[in-house]
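Read from first to last, the chains carry the letters A, B, C and D; within each, the first residue is number 1.
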Amino acid sequence: MTTVLDSLNSALHSAMESDPRLYVLGEDLLDPYGGAFKVTRGLSTRFPERVLTTPISEAAILGAATGMALRGLRPVAEIMFGDFVTLIADQVVNHAAKFRWMYNDQVRVPLVVRAPMGGRRGYGPTHSQSLEKMFLGVPGLKVIAPSALGDPGALLLAAIADEDPVLFVEHKLLYTRPLLQAGQGDLADFALESGGDPFPYFVLRPPAPPRLTVATYGYNFELARAAALELMMEHEIFCDLLVFSQLSPFDLTPLFASLTQTRRLLTVEEGTLTLGWGAEVAARAVETVSGLQVRRVAARDLPIANSRPLEDAILPQVADIVAAARSF
Amino acid sequence: MTTVLDSLNSALHSAMESDPRLYVLGEDLLDPYGGAFKVTRGLSTRFPERVLTTPISEAAILGAATGMALRGLRPVAEIMFGDFVTLIADQVVNHAAKFRWMYNDQVRVPLVVRAPMGGRRGYGPTHSQSLEKMFLGVPGLKVIAPSALGDPGALLLAAIADEDPVLFVEHKLLYTRPLLQAGQGDLADFALESGGDPFPYFVLRPPAPPRLTVATYGYNFELARAAALELMMEHEIFCDLLVFSQLSPFDLTPLFASLTQTRRLLTVEEGTLTLGWGAEVAARAVETVSGLQVRRVAARDLPIANSRPLEDAILPQVADIVAAARSF
Amino acid sequence: MTDNFALYRTMLLIRRFEERLLAEFSTGKLVGTTHTYIGQEADAVGIFSVTDPDDIVFSNHRCHGHFLAYGASSPQGSDPYRLAAELMGKATGLVGGRGGSQHIQWRNFYSNGIQGGIVPVAAGMALAEKEQQSGKIVLVFIGDGTLGEGALYESLNLAALWRLPLLVVLENNRYAQTTPVELAVAGSMAGRFAAFGIPVWERETSDVLEIQSAAREAVAHVRFGAGPAALILHTYRFMAHSKGDDTRSPEELTRIRQFDPLTIHAPRLSPAERDAAEAEVSALLAEAFSRAASDPFPALTTDHRTLNTEH
Amino acid sequence: MTDNFALYRTMLLIRRFEERLLAEFSTGKLVGTTHTYIGQEADAVGIFSVTDPDDIVFSNHRCHGHFLAYGASSPQGSDPYRLAAELMGKATGLVGGRGGSQHIQWRNFYSNGIQGGIVPVAAGMALAEKEQQSGKIVLVFIGDGTLGEGALYESLNLAALWRLPLLVVLENNRYAQTTPVELAVAGSMAGRFAAFGIPVWERETSDVLEIQSAAREAVAHVRFGAGPAALILHTYRFMAHSKGDDTRSPEELTRIRQFDPLTIHAPRLSPAERDAAEAEVSALLAEAFSRAASDPFPALTTDHRTLNTEH
């Protein structure tokens, strides 16, 4: 059984093997620890010169990666917890993402910054957030998020191959998930389509005409599909399920195709509601598809509590998705 | 003639006079310079002990303000250019805005951080942005923006009186603008309503039934009303014009009332389009009002060039608003 | 009861509290994460034996020990029960279960889980106390790894320029998570403060009395109005960084046990005193954990739905 | 042509370029902002007289002088015309008018208008050059005020830990905008580097030859692989920070003119050489500014609409 973690880890191994310009940097990356979530395990043993464990200096990690990328290397930086992307905001927005255009396309900044995001582990208010929303739409930056669908490692390799900076958002709960196969297990009833190169999207089509379209990404696809199954089994509500891996820039063509049929959009994400990913999805959808109804399921606009019952109440749950879908 | 700058400056003077707990801190605040945009001029002469000119340390300015607020003072911090709010992101998101809720409402953090935003002055890619969008929706934070309507100084005083942290966004071009009087000058044809306490919104109602609703804030209201006048005079298209001063949390009740009539929403802002303020406005509007059509006018998703023709092409112009309004 | 007894008792309280916590985690009763203070007890206990009860503390992720020692110097006493309840996510916890291990607040004690970012906040607090002439000083705790964060240096500069009553306590336990100081800290630790003209008290010891005496001097310097100071304590963390993440060798783990602050301090007490401390702490903690365990979890009430829609 | 002539000529080029720029601003021909290098010319000219043409530079908001001096050491020569065009927002500018005064890029020269944030980027560049064994070193320019930014210290730590070929040039012109160093810099400037074990060359002079000799040592240290170094140059800015924002007294402005690097260096040239330099520079700039002035403005083409929708 291959997990998302295995897939990402193998991708880093093969990338480092095939490209001597690839460097990995971040906090506590060295074996035997191999990084807080083990995505980089084994790398420092095989490529000791190209794995740089750093001091606790998130801004400098990003800045260093930017400088490396400007001068011919291909850095992959890790931010130990995605909550700390606030500390790299200036380096991303005013440096890495800006340079190419500001310097008249005379330079490129091919770097990847990986950030484990998300809650549901009782880590409390500063170690559970989904802050990628702050970076969606930043000119010059791509934001990419794997899910258990498709090939997370290939997605990471595509991010590494990209000539522009990429924020690669990994939900912590995804790591231990097995990769999902189309047409297997609880996805058996859905037809899987995909497209989008090099950062694919997936469309899961239900066995009967869909009443609504659910759009999501990352780990929260797990909740969305559980909800979709429940809606199908218990309420005979069928959903098109769209799973994006490219969060920004927004390219929602396949969504619009589905919405033209359903005219009902439900977005699902784990970040707080206001100005989350779903807001832009909803805005573009209503600009494009007439007669649209929209619901968004997201975290409440609160910090994420440590206590599990509170955390559960703050973060979106399967039941919230089911309720939202039934509310149309 | 009172300008927005005068109004803000007087407000700071009277706030410092009436409350000995009020401190102002930021870069280059001391007289005779009095701050890069002069909003703080005269303060250090009158209240030398309570105006703290700081090193170039945006994160520490915010952190210090947070600590001051936690311990009984009322700090007003200035970030010299709003482009540097990226450097305070961690202090805002993971400290100032989080403390109250995370600490079970046992503390409050009454601070104001003022940030001059916006372009159109040829200051180039790192001194022209409207980055408030990154902070809209941050739990625990309020984002407030004056326009030339109403009383910017009173708005600042309300922000200062607030017991929670407030990001106060001042568009640079607003400073020299005279305060606008209802029913005067080019606003004569519009009926002005307002509501919302303590951070008011304004509704400008045209002399004939509105075909669409324009929602905006800050300096870009200047463009929106120029566009509304042009639409009225030259194309006989009448608009309800909604001007918000509270950007976040979103409270769009008056907008929904107008939209129920027009079913056409046009948002206008100077930040880049994707996940700007207008995205959340559009999302909430479509969740609330059925049969809605939406257009958004905003900056292109690019850095802001220094060269004026490029800057003009990147930032939204009156003509863009007119074109969008006519495209419904 | 001697002063030595009180010092021992508080160190023991921390030790047993943390041991109990690790046990609860390993039996799955607790979720999330934790960073124990085992091995470093003498730092906080020595320091808070010479501070005033109203002094202000900003602590970091490794805050349990700081909190228990802080409370010990307060007239109201510290409450391991409230801390235990917080770690269990209970409504009766220090912050009602919202914060958990790294994010607690009680009287003048605050902690947050962002390395470095707490230092400017502490500087601002010190400014407020200075301006309000409260006579209080602010202590902020950082680890060796936190010397990597830029916000620290911005704050040192402010504190020195404005002569703030701020004591930066740097606990060098030789590791940041798994990273040894050699890989993370260039130059000299004391030099990092000296660069800003901030005087440094530095001790390589786990003896609570030596720490107490250094802390007394540093605290006096700050309280006297001479500006900020740094107290660098070279110490040892005996357990894993958080829970299972220890990459140190068994030899190293054995070797550092010789610097156990309890063992070092114990001979200053009679066997009867030691037994009394053990019994007292054990009773206190049994009560604290069982009471906390039976407390209710918090619920999200409607007015918590969105923090920022009310004014 | 002596070396002294080249040094003088480049300093004069910077001086006259900046004077011309201020004149253009005051007649409203230019918009936006600018930060002139007048008074500090000896710094960049001294430094770039001892670097290699392929060395890498990350400069800050005050970058015109750095750029002109950098180009002077390059086989292709620097081009005041391309710089002037950039400042006028022309399509032929160094970055096509997109960047303007603070944001330029040409060959191995880069600048950005965010204080401090450029230093970690420069450190990363130095890492890349070291790993690729290019033999190039990276120079990064900061001002005294930029000592306030935390990112600087994070980068010094990295540079020292990883022995990066990075030379940090600190130009202390005694002010950050209107803030004198006394209000913004606690402790000692050299101490800020020493704390990280980074050796410092420090000079209080506007004599280009003295700067050259200090720079030669510091550059050799870095290029030799001994790790990062700092070059602290205490200097004077003669004009306003940007345009009209000077709060210094007329006396001070007069007094500091005695440290004019041109006046100090001029006696080493013959009057004829000085006249030749003046004539050459004047012709070059006349051509540069008039050519730039007649160049077209850039336009936003369709594929620039949204940078990040293409891959």
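The criterion applied here is as follows: a contact is a pair of C-beta atoms (placed from the backbone, for glycine too) under 8 Å apart; a residue touches a chain by one contact, two chains touch by 3 or more.
Please read all numbers here as calculations on a predicted model, not as lab measurements.
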Inset, instruction - Go through the assembly and pull out the chains touching chain A as well as chain C. - result: B, D
Legend entry - Most distant chain from chain A by Cα centroid: D
Inset, instruction - Can you check how far apart chain B and chain C are, centre to centre, with Cα atoms defining each centre and the answer in Å? - result: 41
Legend entry - Chain centre separation in whole Å, for chain B relative to chain A (CA means): 31
Inset, instruction - Would you kindly tell me how far, in whole Å, the mean C-alpha position of chain D lies from that of chain C? - result: 45
Legend entry - Shared interface positions of chain B, touching two or more other chains: 54-55, 57, 59-60, 83-84, 87, 90, 94, 101-102, 125-126, 139-140, 248-249, 301-303
Legend entry - Residue list for chain D, restricted to those that touch at least two other chains: 96, 98-99, 103, 112, 114, 117, 147-151, 154, 157, 161, 183-185, 304, 306-309
Inset, instruction - Have a look at which chains touch which and call the overall pattern line, ring, star, complete or other. - result: complete
Inset, instruction - Sort out for me which residues of chain D touch chain B in the complex. - result: 31-33, 86, 89-90, 93, 96-103, 112-117, 145-150, 176-179, 183-185, 245, 247, 297-300, 304-309
Legend entry - Contacting residues of chain B [partner chain C, same complex]: 23, 49, 52, 54-55, 57, 59-73, 75, 90-91, 94-95, 99-104, 106-107, 139-142, 162, 164, 198, 248-249, 251
Inset, instruction - Using the touch definition up top, name the residues of chain C that touch chain B in the complex. - result: 56, 94-96, 98-99, 103-105, 110, 112, 114, 117-129, 131-132, 138, 150-151, 154-155, 157-158, 161-162, 304, 306-309, 311
Inset, instruction - Could you pull out which chain B residues touch chain D in their complex? - result: 27-28, 30, 32-33, 36, 53-57, 59-60, 83-84, 87, 121-127, 300-303, 305-310, 313-314
Inset, instruction - Note which residues of chain D are touching chain C in the complex, please. - result: 147-154, 156-157, 160-161, 183-188, 191-192, 194-198
